[in-house]
Each structure stands twice: as structure tokens, then as C-alpha cells.
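There are two complexes below, and they share subunit A, which is joined by subunit B in the first and by subunit C in the second.
Right, the complex of A and B next:
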């Protein structure tokens, strides 16, 4: 007794002394920095420093990104609230069903010792999650119908998975309905869980289950009210520990009422067993197919968002870049938001090359990366890729956080290497004696030409005063315009005057023009310089750009 | 599609942003007249920056005057229809004084001898007679008397300027000229004077240029460069280069594209709005103007109307053919905005003589708007067309400014006279000009 008291006193003194020594860390003044600082501030600063030493500062940033982007999908919320709501419903509905229902044998006992699937809150939750998934899918389907962009971009693998998902959910709901109704299941349960075979007790229980628990059981004729109370007692003794009232299954229960008229036939065929088998097997099928469909984004998108937290692809170590691009490709869900915001998407209305649209271009890049793109497809992909202006809007809007701009730059380089350079390089190869490409490039639209370049009135006022060249910002940005641009604007006008316009097609000034219209606005002779450059570009494209039909016809 | 145009009211609308248009707006602003100015890129961009008063009269005898005022007096006597005769020597003197004072108070100082023309070297090596020239070109005049050894510098890639050619042409007149060809710091390939001038507005490029020139100096007592010493900060570039090289530096005007006209244009475009002129640059008058009570109503804009202007008086300084104030087609010469009567040869076949360099020039150059004593355009019978429409500049008839070497004087003096006449119509007493 004495010894333990002494030890306690000694410990007390030691702790107090330690506290006193530690307090002096925040009270003593060494150096000029702590002049005028309160003790509270010094304590706070020390706390921060300690945390900073133990945990890397980026940890907080990454945690915040994890929480905001991956768990709460906050970047989707900022873009479109309705889409966020649909996606959260579907995403968490499916995830929680998998976690709490499919894997209930492993997850539930961790938290609940007396878990049984027909207990609440699990029964209700199961129905609720299924409802979430259905609501999300339905809402998404309605939005898809109303937005034209989605009509362009559907694939069969994605349709299959959606079908499987629908089968799983619906079969699960109907399975529960069948089980609520099934007389055979009741009998099996009675055999397994009731201790004795007292027929009165069984009858009372049956009565209870027929009236209160929704089972499609024959109610024995001429019942005495004592049976009702006895039924309840029996239920509480044998069943209630594992069975909540089925009315809480707000999806399955109403359906079971609806199916009650045919319950007898269903039970005779043991529909409930068939449904269970279907539900189970299709779930396994969906699991197996998951990595081969777009739902692989369940894994790829969070990883991609985390990778993005570290910075753009160009900041990643060289050896990691290709892998990160591949990860990005797999994170694509084909949602089409990039196409919706693409600056050059309107070109698709005139040039029917799907590779102009970023969501389609990405599929092409996926095939290019897998070396599964034939030459014809690479040609179309090249034309679409070089129409892109790298403005970066797709990258900003992509909900999966894919660094699309980097992907386009990388795939462009690959395409050049494989022999599919930008189309204006093909334009440079056109000489006046070359035959024209087939006229089928621009189907159904009038030629985009004001007819300026063929009319002498356009140029005959030009006196080569070089005002257009001196106001051109593209010329001003170059140290040596002839090295970088081949010709200056007034020299291109001179070619027009000499009726040598084909020679302008290949010069880089034509393609680097940013259409600022300074030249046209400042020309003292009202020569339409910028409009002429526009027309020359359209003419060169008409002659040099490939159409899908032309490629199919095998022309070069 | 109807567009809503803001409506602007003013006392005076100046149509034109050339030498005459800018001078008109300047004099009007100095007199406190509420002025709107409208104009497009035109002839001022291509000016040499030299202000000619009178160089040659009579043109047929190629007589050059060393005292321009004597020349003007003779001209007025010989050609009473010439605009100078309408203006009068005293007013011409006042106008030039006011104009040069303005330039001196801005960032573009000019020099002149009050009673003597000066001489400037041209890019082909000849000598040109002019009245007032930028400070950066002033040194040559005195040098032509002493003819000290002088270094001329040119740059590979700058077309139309060869120091060796200048030296060869001036050889008899000025034996001790040396030449050097130096790469221009920071630019390669074909050079344009505007880019070179803007580059020299940075201290780094100036230092590099000075360092390149210095080893070539030897005992030369001055350095001649093409006109590339800056655009907005010519004085600063010019002074610093002189300090760096420790000898006088002078500029020689270049062929087009040249910055000398651009300097004047940018100077005016900066200063005039600060003086209260409501400037609408890079806009033109769109068809068709109309008259309501005693005001003109016109639409100004680019391709489409951007403003509707209601003006009590107009000074038309829209230039000649290049500035699109006059338009010549296969039949006649027309004035392009108001379709005013244009004095011209009876038939197109009489527009030109068969020799391009005929001593007396070509009759088409004498065509233009005839004016009354108040500088208002008149018809063939001498009746004023509109009482509140005035004209100034090269659009006037009975002058051949290229051959007579009187372009700037004509523009500035006629602008001055037009503003004076306009003040009477606007009902304001003539005020002393506020500088």
C-alpha cells in the first residue's frame, strides 16, 4: 500500500515536472521571432509544425480531393446538379447493394451480431438502394432521350451491362416478392426452426403469417380469435428474431400483393428458386463482364482523379506518362460531356467525320493505342485530331478527370509517326496540275465560298503597300516571317493578282492565320484580305481533306 | 436587321484622318469647337514625315525655291485659282506655325528655318527640298555645307535602302561618305521598318545596335540610319543612340513600308482624343448622308453603321484617289460621299498626257473640288453647294501637290482656313488659338 502510494506520488511529480519543462518551450524567449507573440499562437504554430513533420502537406490536399471528388463527386455537382443526383443514386445504390447485400455474409456480422437479411433496417435498406438504382437509371434514360448528343454515342457492351443490371435489380425485387408469398418457403422454415410439430401452433403461426406477414397461405376455416393471439406468440418466439414485417419492403411488398392471385401457381413451379438462381447467376455474369465494359470506370475513374490531383500528365515522370494516359482512356464513361462543350463540334454538321467529336475521337485513340485501328480509320482520326484546336474545354469538363488535351497531343504525334500528318501538309503537295479529289466531301451543303478568289475586282485595288503584313499579329510574333510562315499576307494577295492561288495552299501563313481581321480592317484599298484567306483554306480543304466515302472508295 | 445606333450630336464633323483631317481636328479642338472625326487608314500611313510648303514653281521649268514664301508669292500671282491664293500668305504662315508648335509640344519635335527650305537625303541618294522635318532628320541640312565624313548604315534584309547606292549618287556632292552593312539585332530574314522601329524602342536593342555600330565609326563625325528610330518614342530613341555613339545621328526616310507617316498618325491619334475630339478611327461615312433643317445626318461605321452623327458643319478632308475621297472610273471622276461637282477635264481621254514624266504633269492632278472664298465646294457656276460644308486638303482642285511639293502646306493651311470659315457659320467669334 505504502509502496504503491509512493510510486503514484513519484509518477505525479514526474508528470508535473514534464509538463512544466514542456511549458517552458512556449514561454522562453530565444531570438527575435517570438517578440510580441502570445503563448496561444506559439502553441498553435508548434502543433502545425508537428503535424507537418509527421504528415506530408500534400496529404491534406489529397484527402480533400478524395473526399470531395471521389466520395462526394463534388466536381459533378458543380457541373450539373441533376446529373450529379442521378449518378450518386445509381453509384451508391449499386455499391451499397453489393456491400450490404451481396457481401452480407462478410460485412454485416462485423457490425451486427444478429444479422438476418429479412431484418430491418436491412430489408428496408435493400429496397431503398434498389429504388435508388432504378431512379438513377430511369432519370438518366429520360435525360438521354432529351439530349441529342447521346444518340450518337452508344455501344453494345454498355447496353449489355445495363440490361444485366436491370435484370439483377428486377429479379431481386420480384424474388423477394415471391419469397414473401411462397407457401413452400414457409413450410421449409417451419421445419427448420420450430422445435416441435404442434399442429395447433403451426396453424396459429400460419394464420398469423397469412394475415400479417403477407404469405399466400390458406387460412384454415373457422378460426377462433385465440389463434390470432397464439399466432403472434408463436411468431415472436420463433420468427420475430429474424423477420421484420414485410410491409417495410416498399418495393417488393406491393408487387407481392399484385402477384398474390397467381401465388399458388408460382409456388407450384417454385418460381422463387428459379428467380434466386437467375439473380445469382446474372450477378456473377455482370461481375465477370465488368472489366470489359465501361463500368470498369468504377475503378479507373477514382484512380484517375487521384492521379490528376498530382498535376497534369506533362508534370508526371516520363516513365509514368504512357501508363497514366492508358488509365485515363479506361476512365472514360462515354458520357459525351466533352463533345457537348467542344469548340469545333459544329464542324461535324458540315464534315461528317465523327472523329472531330472528342468522345468519338477517344474511342479511336483507344483503338490506336491497342494497334487495332486500320489505315482508313487512322486517316479519319488524323483529320479529326488536327481539326481540334487544343482549346482545353473538354479537359476542363470531363467528369472523370481525364487529361484529354494531353491525350490529343500525344495521339497526334503518334499519328504523324504512323504516316498521317495534318491535312494541310497534304494541301502543300497539291500542284496546279493535280486532279481534284471526288466532290463527295461536303454532302448536302453549298460550297463555303464567296467566290472572292476568282474575281479580279477583289485584288485589283491592291497596291502592295504591306499594311496588312505590318498589322498582322502572326507576322509580328515571328522573328523571321519567311522562315516561319513562307509568305506574308501581302505576298499571298500578290499571288492572287498573278492568278497563282494554288501556290498559296501549302504556305503556313494561310494555316497560322488567326482570323483577327486586322488586315481587312486596315487595308486602305478595302481588299478583303481575311475573307480571301478563309476562302483559300476552305478551297484547300475541299481538295485535300478526305471524306469517309472517299476512303471507302479507295481513293487517296 | 435593324441595329440600334447611338446618336451623336456635334458642331463639326471632320471627315478624314490624313494630314488635312488631323490638322482640321487639331485647329478645331484648339478653338474649343465640339468636334467628331471619322476616317480610315489612308494616305497618312505612307507619308514621308516631311512637311513641304512649296518646293517647285513653275513645274514646267522645274524651278526650285530656297525661300518658300517668295515662291508662294509668285505662285499666288501666277495661279490665282490655286488654294494658296484663297488662303493668303499670312494665314499660311499662322497655320504652319500653329501646326509645328503642336508637334513640338508633343513627342515628335520638328525643325524648320522660318525663311528657308531645308534639304533631306532620299533613300535613292537624291536630295529633296522640304520646309519642316523631324528633329531626327535635321542634321543633314547643315552638314551639306561642311560635308564632314559620315557613316551610312544599312541592314541586310531591308529592301529599298542601300547605303552604297546613296553614297554613289551623292558622291560628287559629298565625297567622304562611308558605308557599313550590319545585321539588325534580333531579327532575321526580310526586315520591315515598322518591326525594326518597335524593337528599337527597347533599351536592349538600342544597346546592341550601338555596340554594332561603334567599331565601324572610325573618324566619322555622324551616323546615318534608315528611319527606324522608334515610332511612339522617337525622341528618346534618337537621343539615347546619340549619347551611346557620341556623335550626331540622323535618319534617312525609307521606301514604303515606312514609319515616318505612322509616327504622325499615332501622335495625332493619341493627342486628339485627349484634346476633346471624339475620334472614330477606322470608321467611314456610309451612304447616304442627308440634310435636315441645317444639320447633316450621317452614319459612321465599318461594314455596318455604328453611330448616327448629327453635325452642324462638316469639313470634308477625305483625300484624293488613294484615300478614296475621289473615285475615277471609266467615265468620270466622282466625289464619293456627297457627290459634289468635281472640276475635271471634259473627257477621260484628256486626263493624262502621253509621256509619264511630262514637264507640266497631267491634267487629272488638277481635278478636284473648287471652292469659294469661304472654302466651301461650289458647282460649275460658282454657287456654293451647301452653306455648312467645307473642304480641305488634297481633294481641292487647281493644285498638283506632288510636283509642286506643297502637299503638307496645302493640307495644313487649307484646314486652318476651313476651320476659320467654319467658325463664322457656327456663330462663334474667332478666338485666339489656345496652344
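Right, the complex of A and C next:
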């Protein structure tokens, strides 16, 4: 009674949570298209898009996606065979355990009239599916530990999920081991299924189960041979219809042998019941957690892959785009393949902002879309977002088919709207500080600069000939350089020469520099004009960009 | 002996924003019997240089170290990538602290940067490794009479002693390549000026002004087409121009790979050109 109530409650939570998650697809705002749109219009657009996809001339071609990408996960096979194998093992191991074991009361009788869990092939299959799941999980864990980029992106949510799965699988395997051994279970079964109480028959059966079926029962002494034959007869009469040999449970049985020395104690404490309760309750917990964890990708990822079959997000009707983006965000499993192939990931080794990495940036966008990102997090997300070069590689590799390229462009726009513009705009706003001395940049790990602006020797050769200014195309494009640029290149070099570096911040020339290197190429005195301007920009960026450590320390 | 295999470095912008540059470059190199290796590389670090030098140099150095591991010279069709890779190599050679930091990071992946890892831009690979004579010999449909303004771009040309593409004040490599395919290079005063693309997001007005000045100058010099050899320059004269049709004349911009491909007799769709676009 209690247990079925727990399951019902868990299922209720699961369904309610799923409904809530789906509703977010029509309420989340990502990108410009959903500004000012009512939820009703968004739902209507989704309905139209769905209908349009179903009655599309290429419907059958697109539905091959269902077979290839969803059932066979073929796109994963094309990317990486080992990853495909591990995921197929985990995915189908879990699915088949749910279908044929957790839901056995409904599914098994369809195929087998005389179903009982301890009959083969179920006894063997349960262990086999559990083995698949464990193999997949273990393989994934090893692969993640080995790759240098993955070491930085594991989160507690990921670990919790794996822990739940591991507890369910392992408790299930050991539960069967305990049941194989349990004397109490044997006695209960004898009471329930043996018609008479003939003590000789029970003793013979006990002998059989102790020697052939792995139970930790005392073997009655004396008259062994007779007992053996009688035991087999009794077993075939009362037990064999439902019980295959436990040795076929190729994980549970060896474990039961290992545990046999303590079987008496286990039975006294009824460890088998405890394990059953643990197994059942944690399974219900996982069911209830499903819509709130990355297991939700079981629904979201196939839907996203189907949506992708219809084209990129930019091809969808405007009112539907934000919903596709929200679906994409839910389809993420935090697998890290995007980060593995990210073009700008090497920057993360120098700039400790996790939002540079696409898997972490996506987590930030999820929180941005849910309006759960505080200002400090949005600042980091913005810096990471504008460091991305939009090369599109993450999008090509994403196993869940998320249109990441579109998501990055939409979230950039949202961040600008919320007051987090690209770092160069903030750096350009850095003005000379009366109180702050310019940094000494020469030492440090990593080295911050080439040390040009700190060393007077860089500028000793400057004779203020103004060649740099006269070859500058930005100066030439202005009819009043002082009005438009504040300072010209040679004026900036003059300030450097006089060790008045601080005064150079805030002039528009610094950020309107087009980095063409005409100045440096033409300087008759080999002053590294363009490199100096780069160094000043670097320093302005350091002042404008808040590092994760600075944010954590609460400094400004 | 010219290498016949290069490690291909397309950079970040080609695939999402100018895929025709990829198509055209790979087609012409295949036609010239050059093989390309496509080992995965990372961003060259050029856009990061405004923000953080060490990050931008580390990124460049990782690519160079991978080329070294593969034992292949790197070839890139983008001039900004080329310039960044050469600059990074220059500064790593000059600055011990930077070099030590970079190698300590690369060590974790079993990589190492050292001097002398070869990097070629498409123009130098064509003109010097493959050779003008070899290109001339393969031309099937010389672009006779076509007046071409060669746009050199900035980052592959300057600072000259670092990037070493050609003489930074009076380069001839691009004009030689244009002559080799039968076209006529025009002389235009602003040929070595910047296209303006680096300012595109920071100061679009100024960026467009710089671009417009160059196009007007090329047009005034009698050019029928503007030839580019850099992803960013082509984007500036092509999609940026199209989004802001303030320019009065319609001087088209073509990637050198596309012009070369046409001269070699390759079909327009192998060069990322629609049939109406072929010059």
C-alpha cells in the first residue's frame, strides 16, 4: 500500500514537473523575436509549425531522422564510435530496465503468459541491462577524467544524477544477491507455495536449494543421495516453473558467493528487505526528479532533433523561435562535446572565466532565460559570450542538435539589452584615474604584456616627427582629428615618452585604431606604435573586465 | 622542393560567414596537386589580442605546436590569422617569460612551441611554393583584359620584418599572381590601406568610410574587380557593403582563389560562385 502510494506520488511529481518544463518553452524569452508576444500567440505559432512539419512534402524524408538519429543515434556514431557505444549502452540499458523490469507487471505478460521475474530470459536480461548501464557510466567517467578540457566542467548536478543511477543499479544487483542467499525468503516461499508441510519434502527441497540454487541454508546431515533426488523432484514440482537457475544472473550470483560468509547476519537483519526498499525508493526519487534533472533530455533531446530536421532556428517562424531556443536549452545534457571542440577554449587557460567554454556558457544562458542570473553572473556571461568567435563548430558537434550558433547570437543581444555590452565598449569608457597608478606589467604568470609601456627605452627614440599620425588612415578619415579622436598617435607616444601613460586612457584614438600597423611600419625610429596601442587596450580591458575572483571577493 | 601537403588553417570566420572561400581555396589547391590535412585547430587568437596578450599568443602557439607535431607547414587563406601566427611566433622568440608560460601550458597536452615552425599564407604558398610559372602553365582561360585592383590588406603585410610576406612598402606578390592568370593589375594609390573591417563592430561609421574610400579609389583607377586574399577584407567589401548600399558604383570584390579557379577552368560552383557571379 505504502509503496504503491510512493510510486504514484513520484509519478505525479514527474508529470507535473514535465508539464511545467514544457510550459517554460512558451514562456521563456530568448532573443528579440518574442518581445511583446503573448503566450497564446507563441502557442499558436508552435502549433502551426508542428502542423506545417507534419503535412510537409518531405515529411517521410524527415521522419527517417527519427530512426537514424533518435533510435540508432547514428549522428553520434559518425562522430565517435566509442562515445556512441557508451551512450547506447546507458540509454538502452536504462530504457529496457524501466520497460521490462520496473513496468514488468504491464509489459511482460504481453509477451510471456507465465512471467515471473526469476525466470529466464528476464533473470539474465536484468543483469545484462544493468551491466550495460554500468559499462556506459564507467566508460564515460574514464573518458571525462582523461580529457584535459573536461576536468574543469563537471558540476554537482552531473554527479548527483550518476549517483542516483549507480545506487539504483547497484542496489538492484545486490538485492538479487541477497535474495538468492536469504533463508527467510526461502521459508516465506515454502509457506506460500508448498501445499503440504511434509518435513521430509521441505528438507529435501532445502537440500536442493542449498546446493544447487545458492541459498545460504544449512544442509541437512545424513541420507544425502536420497535427499538430492527428492529435492530435485520437489523443486520441479513447486519451484521450477518460476525459478531459473540463479547462476544465469551473472552479476548477482558471483556477488552472492562473495557475500555468503556473512549471509547469516544479512538474513538476521533482513538486508534483502532494506535493499528492496532502498532500490524502490531511490527509483521513485529518480522518477520524481526526472523533469528537474538532466534526465529530462530523454524527452527534450529527441524533440529537439526532430525540430532540427525542419531546419535551423532562423528558418522557423518568428513567434516560434524563442520556443525552439528554450527546447534547445532543455536538450542539453552537459556532455561537454562542444567544449571539447571549441575554438576559443585555449583562452580559458589564461582567463579563468568558465563562460568562455560553450557548455558552461549554455548553463549561464539557461539561467539568463529563467531570469535567475544575478548581475555578476551576467557580467561574466557577457565577457564569455563576446570572446566567442561564432565559428559554429560547437553547433556542428552538439549531439543533441542544439542550434548553439543561434543561441549565442540571441543571448548576446539579450545581454546588451540588460546592460552588459561587449568588453571593448566598457574598456573604451575607461578614463584616466586620478588615484590609480598604472600597472607594472612586466612580471607575473601569465605575463600580462610585452612590457613596452613600462619601459622608457621604448620611447626614447621618438622625435615627434608625426609620421605615425600622417600615415594613419583613421586620422586621414577625419576632418578634425582632435574633435573626433582626442589624441593622435604621436600625441599618445608623447605622453608615453613623458611617462604620463595614465592620460592616454579614455581617448577615442585608442579604440578607433584599426590595427593596420602603418604607424609602426613607417616610424623612422622603430618605435612600436601599434604594439603600444595594443598594450594600452589590454590594460584598459583589465580595468573594465571583472575576473571571477574579483567578483567573488566583492571588489570593484 | 615545394611541400605538397599543408596543415590547413581556415580560421573561425570562413565556415560560418564566408564558406565560399573554403570551397574555392580547396578546389584550386586540389587542382594544383596540393594536399591538405584537416587536423582540428583552434582560434589563432587575433580577436583576443585587444583583451589579453598571453591568451592570444597561447592560442596561436597551440596551433603552431600542433603543426609541428604533425610535421606539416601551416597554410592559411586568412591574412589576419597569418599575421597573428607570425606575430605570436615573433614575440615568443623575443620574450622568455611569455615563451616559458606558453610552453608550460602546452606541456599538459604534450605539445611544445619552438622557433622555425613554418606558416604560409595562401598568396605566398601559391607564388613561392607552387610558383608563378607552374600556375601560368595550368591556366586554361586567362582572364584577359580584366582590370583587377589587388587589395593587400594589412595584417599579412605589416610589420614587414615580423610577417615576412613581401616588401611592406612596395609589395608585388599579389600583382604578380594576378598577372599570372592573365588579368591586368591596376595601380591604385590606396592599395596598401586598411579595408576598415577591424572597426566594424566598434565604430561602423568609420569602418564604412574607410571601405568606401578604398572602393572609390579602385574605381577611379579603372578597376573592374577588387581582388582580396583575406576573409575579413572580403566580408568588408562584400557583405558589409551589401548591408549598406551607400556606395554609388558596384565594384565587385572577388577572392583571389575564385579568380584563380576561373582561370584554371574550374566551374563556378566549385568556387562558391553562382553562375551569374562569374566575372
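Observations on the structure shown:
Throughout what follows, the second predicted complex is superposed on the first by the 366 of 556 C-alpha atoms of A that agree within 3 Å, B and C clash if a C-alpha of one lies under 4 Å from a C-alpha of the other, contacts with A are read in each partner's own complex, and residues count from 1 in each chain.
Keep this in mind: contacts are C-beta pairs under 8 Å (C-beta built on N, C-alpha and C of every residue); 3 or more make two chains touch, one makes a residue touch a chain.
These figures come from a predicted structure and were not determined experimentally.
Applying the stated contact rule after C-alpha superposition, one finds that A:142 touches neither subunit B nor subunit C. With both structures placed on the common chain, the touch criterion links A:477 to subunit C but leaves subunit B unconnected. With both structures placed on the common chain, the touch criterion links A:465 to subunit B but leaves subunit C unconnected. When subunit A is checked against subunit B and against subunit C, the one touching more of its residues turns out to be C. When the two structures are aligned on the shared chain, A:512 is found in touch with subunit C, with no touch to subunit B. Contacts of A:10 after superposition on the shared chain: neither subunit B nor subunit C is touched. With both structures placed on the common chain, the touch criterion links A:537 to subunit C but leaves subunit B unconnected.
Legend: residue contacts after superposition of the two complexes on their common chain; A:521 is shown touching both subunit B and subunit C.
Of the two partner chains placed by the overlay, only subunit C lies in contact with A:350; subunit B stays clear of it.
Subunit A residues in contact with subunit B (one complex) as well as with subunit C (other complex) are 521. Of all the residues in subunit A, the ones that touch subunit C in their complex are 148, 341-347, 349-351, 387, 389-393, 405, 422-425, 427-428, 443, 445-451, 473-474, 477, 511-512, 514-518, 520-521, 530, 534-535, 537-538, 541, 545. Against subunit A, in their complex, subunit B makes its touches with residues 40-43, 45-46, 186-190, 192, 194-195, 256-257, 282, 302, 322-324.
Subunit C meets subunit A in the complex at residues 12-13, 15-17, 40, 42-43, 45, 47-56, 58-59, 62, 91, 94-95, 97-98, 101, 105, 108-109, 154-155, 158-160, 168-169, 193-194, 196, 198-199, 201-203, 206-207, 209-210, 213. Of all residues in subunit A, only 463, 465-467, 469-470, 476, 479-483, 521-526 touch subunit B in the complex they form.
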